[in-house]
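Quick one: this structure, given as structure tokens, is what I'll be asking you about.
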Amino acid sequence: MNIITLRLKEQPAVPLEVEVLSPDVLKNLSHAEICAGSIQLGKRQRRIDDFFEVEGERSDQLEIHGDISRLKWVGRSMTGGRITIHGNVGMHLGAYMQGGSIEVHGNAGDWVGAEMSNGLIHIHGNAGGQIGAGYRGSMKGMQDGAIIVDGSAGLEIGMRMKKGTIVVGGPAKDFAGLDMKGGNIVLLAGAEIRTGAWMMRGTIISLTPIPLLPTFHFSCSYSPVFLRLYANFLSKLGISIPVDPKAGHYHLYSGDTSVPGKGEILIWRPLETGQIPRTTGCTKVDS
Amino acid sequence: MVLNIVKNATCTFCGCVCDDIELHADEYRITQAKKACMLGKAWFLNHTAEQLYPDALIDGKEVSVDQAVEAAAELLDQADMPLIYGMSNITCEAQREAVALGERLGGVVDSHTSL
Amino acid sequence: MRITGGKVYDPAHGVNGVVKDIFIKDGRVIDSPVEGRTIDARGMIIFPGGVDVHTHVAGGAINFARAMTPEDHRRTTAFIRSQTTRAGIGGMAPTTFATGYLYAGMGWTTVNEAAVAPLSAKHTHEELRDVPIVDKSCCVLLANNEILLDLLQDGECEQAQHLVAWYVWAAKAYGVKAVNPGGVAAWKWGKDTGQMTEPVVGYSKLTPAKIVSGLAQIIDELRLPHPMHLHCNNLGAPGNLATTLETMRSLEGHRAHMAHLQYHAYGGDDWNSMRSEAPALAEYFNTHPNFTADAGAVLFGDTVTITADGPWQHLLYKLTGRKWGNIDVENETGCGIVPYTYRPNNLVNAVQWAVGLELLLLIDDPWRIYLTTDHPNGACFWRYPEIIKLLMCSDFRKECLSQLSTKALKRIHLAEIDREYTLYEIATIMSAGPARALGLPQKGQLGTGADADLVIYNEDDDVQQMFGHPRYVIKGGEIVIDEGEIRATPPGRGLLVKPSYDETIETFLRPKFEDYYTLSFDNYPVEMERVEQPIFNNCIESP
Amino acid sequence: MGGKVTCTLGEVKNRADFIVYWGGNPAECHPRHFTKYALIPKGKFVPRGRKDRTMVLVDIRETKSARASDIFLQIKPGKDFEVLTILRALVKNQPVDRTQVSDTGLTMDQLQDMVDRMKRAKFGVFFFGMGLSMTRGKHMNSAAVLTLAAELNAYTKFVAMPMRGHGNVTGADVVMRWQTGYPFGINFSRGYPRFNPGEFSTIDLLVRGDADAALILGADPGATMPQPCIDHLARIPTIVLDPKVTHTSRLAKVHITTAATGISAPGTAYRMDEVPLPLRPALQTSYPTDEQIIRRIYDAVASKPDWMIHSGKMTSAQI
């Protein structure tokens, strides 16, 4: 298969802005044109081959090797194709992304998939804060698409997101789903504090108990039907969440009443030995 | 000795920026700061017109201001990502110049607000 | 410099598309040939530089709006710095440098910052100093100044007059603006004014009508070159035509400039029944020559609204659920900021869009109605060429009308108006008229002795293209724009007036000042050094 | 998010009958805030001064300012955001989970009483300090108090104002906003202003080691910043302009002594409410001003070849 391979040969001393490293830009370029591609080292314009060994040309498949944690804006606004990164990557990975996929065998910085409208980003390591978020002042974060982080995540993930999915395998920090307008966040290992703060709509699912703001109130304990459909969707992304009512149920909390919002936080409660499984509908239980 | 009295002086120690201070000063020192609070008094009375510090230093060695300015310009110009930081204890006029310099340098300009 | 062969439009001298040469020396137009550069302007059209009578480009409010809208800065035009130009950001609330480049880039050479709280006038002048190329004047906000309101309530007219003059000079202003008279003072308690003849909240007998007529009287007595610059009560409210007409009737015998008239010409009882009353307002206006007005036209799209009208902004925040900024200024005024999007499919917005154009088309004397959008309220100033096209091409208007709902079409009159502006009339509403209304004899004209501020266009049937991209812009005799490139960035001058007042007003004011304000009286006036290259205009002979 | 409902200090002096200090200790950090601007002075509509006003202090410990207050609400450290969020809900008569309220250090009665008082006030104000804006939650804590103030305007008049610390930090915000559109943390590397807090803010830049030279103006990060920042400043060429030889000067490559602002250097400073005031220096000095030195550095830089490639063009702004 024809792919473009970049190997980092020199670590930049200050951040390097590389929005040119996107399938949209590279897919029609010859090897020489890729080598001459303009990247920005701090204030100075440099060439791609100042920092990378370049192989291949004219492809929407891009593979990057090396620790590029100082490189920002990889895959910015990409509409299709695929980027694979073997190493850590810097901020704004796949920001404003509209399609295609990005896979990182390593960690990623802040603002992964910020304001993205479609596409798939999978980080096998940890990610920073503001995943799928809106930039400062913006009324909307990610519009659609999916971001999967196998490891942990930082502050304010999914801030003001409207649609789409964020899955975090490890723990997330504060303000997951801040001011969320829609979409889903799945926290496989929970989050620190203030999850769902100021959320208007949307769903946050946590598989482990998490502390909630006093402005979320317990609605019921149930095994929601929509979750089975959503679990099918997630399983295609390689994510599994429990939906078997014999194994447990979800506690549904609504909020944030300070807005007042109609957001939902679902927290998985596995059945303890001897408990009788509930099979249907939404039942109010004493909490 | 000449006693200089400045009315409606402005204190820039804290964010209140009180502008009703009456300062009494001799050639070297402010001797009184009427209406200023404890913090303001300390601020005004601790400064002096004496030359307690060298005009300029490079690597800790005294140099002329011209040399220091030239060295600063060279270092900042050479940098790929220079940072200009602080600005809370300088005048707005100096802040304007700082933004112009940051723009010229292609650097980052930031204040205490970002903390 | 000489400019030869261009077709000149100079309404102040009745010159309507006459091919003639223009000679410039020492920054002014002269009447005899000179040495120096010759610009061959054959096939080109020459206008006096544009004059914006009402805009918000500098000071606390617009600077607040800048901070509130980083999302807009990221999606708009950015200016990369060069050896001669500074970096900047355009958009809804452009940075100071960008403001100068954008205005000059479109042929405007003089702007009037319409709303300055005297308390923050220093700040406004600091910003104006960073607005390059264009000359600048500003109006101080006084119709909610509590010390002045107390005097007006007590009938102390003479004292009030000295106070107004003192404030104009202390702020290094050019004119006086009245915003929602009494309403902003009421907003300090979270209220608004009701009727023109009902007392203002916190006052026993002072009404908005008395503030308006009292202030108009004072400004006429002071013979300020620019009449009272009035933002009427009830801005933006359905049915506010009644308030506007009542205000205008109370001003018979006085001069007044009615700011952003579009926002004051609505019928109906609520948002659902709101309709255009532009014909009724234009009819009254046409027969009362004591008034001038600017359009405050609306264009569809994103902007940020900024006004000293605090109660209106709180309402807008509640209606839109968007960000809201508000600053109340001690004793003087306030301001509110709400980002806003005008949409053709929104009934209210459709009516607003139509009313601005209807007023421009139904007011028959172009010398009395001027091109503005109340930047950035109705739209950003850099969209003026779109309005010019709407005024000059009735076919284009009809095309735009097709975006509106049938419900909206029943509430407006634009479809019935066939008038098309001529270039001569455009030159009048964008330059000659506003210069005259501001009392700037050196501006808006190309006669001998005028400031050599002019704009040269390649003649083009596409007027939006033509007005948006001048071939040359000349400011003070210097070519500042040449084919879209910024060639020079002279600093632009500050236009001032010093009305006379009795110095003993300070004896009256000082103790009140110490009671009500929080800064020292002596630190309040704007120092002369803060005004860039000040130019003094005289008070007029008679109002 | 993103808005602010505020006023100049004279409005507080003349009108405020309900004053809340949150996460600040004005008695010791802004001593004349009480006496000159907010709590004590007689105002036009509060003629009896202190007697006409109610003061609430919200803080994690009982500071000297508590003595000046009518009501002291001691909350648990790091619970500011929770308390503000509860208040926002209660103001709108929305439910809150009572079982969690006690975690904040306050009782439901205290919170409801606060809500009732806020709504009853004719003119209320929040002054919030670094105890709010610099603790866990940071800018979101500030956003929470600003939002609460804005929402209270549905019931009465309410405003909020940050208690800015250092002398002219407000001026820096104001100047940067008019020149660049953004208040702080501005990156000019592409020739026009870009802004992204967390990315271009100083501490983040220095901790990540992203800057390769620094010019420090009127600040002493060598004494106040986290150690990794100081270490990086020592690694790169750092230049300091300051009236004194500071901690930062000692780790810097270049130090230039300048005239002290407002003592020997004239100019303008902005009060915390964005009111500009002139400076009236009382002492003469032979040291140049910061303004002069920065200008000279600018001129020296401008005489060198320009690095900018797209100089003078217009482009589409991005972050």
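Letters are used for the chains, namely A, B, C and D, taken in the order the chains are written, and counting of residues starts over at 1 for each.
Just so it is clear, a residue touches a chain if its C-beta (ideal position, glycine included) is under 8 Å from a C-beta of that chain, and two chains touch if they have at least 3 such contacts.
None of the values given here were measured: they were computed from a predicted structure.
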Revision key, fill the gap. Chains sharing the largest count of C-beta contacts are B-D
Practice item. Could you say which chain's mean Cα position falls nearest to the mean Cα position of the entire protein shown? Key: D
Exercise for review: Starting from the mean Cα coordinates of subunit A and subunit D, work out the distance between those two points in Å.
Suggested key: 32
**Study point:** subunit A-subunit B separation of Cα centroids, rounded to whole Å
**Key:** 45
Review point. Taking each chain's centre as its mean C-alpha position, how far apart are subunit A and subunit C in Å?
Key: 47
Study note, to complete from the structure: Two or more other chains are touched by the subunit B residues 7-8, 10, 19-20, 79-81, 92, 96, 100, 103-107
Check your understanding: Residues of subunit A touching 2+ other chains?
Key -> 13-15, 42-44, 135-137
Practice item. Send over the residues of subunit D in touch with two or more other chains. Key: 1-2, 36-37, 173-174, 179-180, 183, 188-191, 193, 195, 197, 210-212, 268, 270-271, 275-278, 302, 307-308, 319
Review point. How about subunit D: which of its residues touch subunit C in the complex?
Key: 1-11, 13-15, 36-37, 42-45, 122-123, 150, 153-154, 156-157, 159, 173-174, 177-183, 188, 190-193, 195, 268, 270-271, 274-278, 302, 306, 308, 310-319
Check your understanding: Which bits of subunit C are touching subunit D when the two form their complex?
Key -> 58, 60, 63-64, 66-70, 73-89, 91, 93-97, 119-120, 122-123, 126-127, 130, 146, 188-190, 202, 314, 317-318, 323-331, 334, 337, 485-486, 515-519, 523, 527
Review point. Where on subunit B is subunit A touching in the complex?
Key: 79-81, 105-107
Study note, to complete from the structure: Given the complex, residues on subunit D that touch subunit B span 29-33, 36-37, 134, 163-176, 179-180, 183-191, 193, 197, 200-203, 205-206, 210-219, 221, 236-237, 239, 241, 243-245, 249-250, 252-257, 260-272, 275-291, 293-298, 300-302, 304, 307-308
Point to revise | Contact set on subunit A toward subunit B in their complex | key: 13-15, 41-44
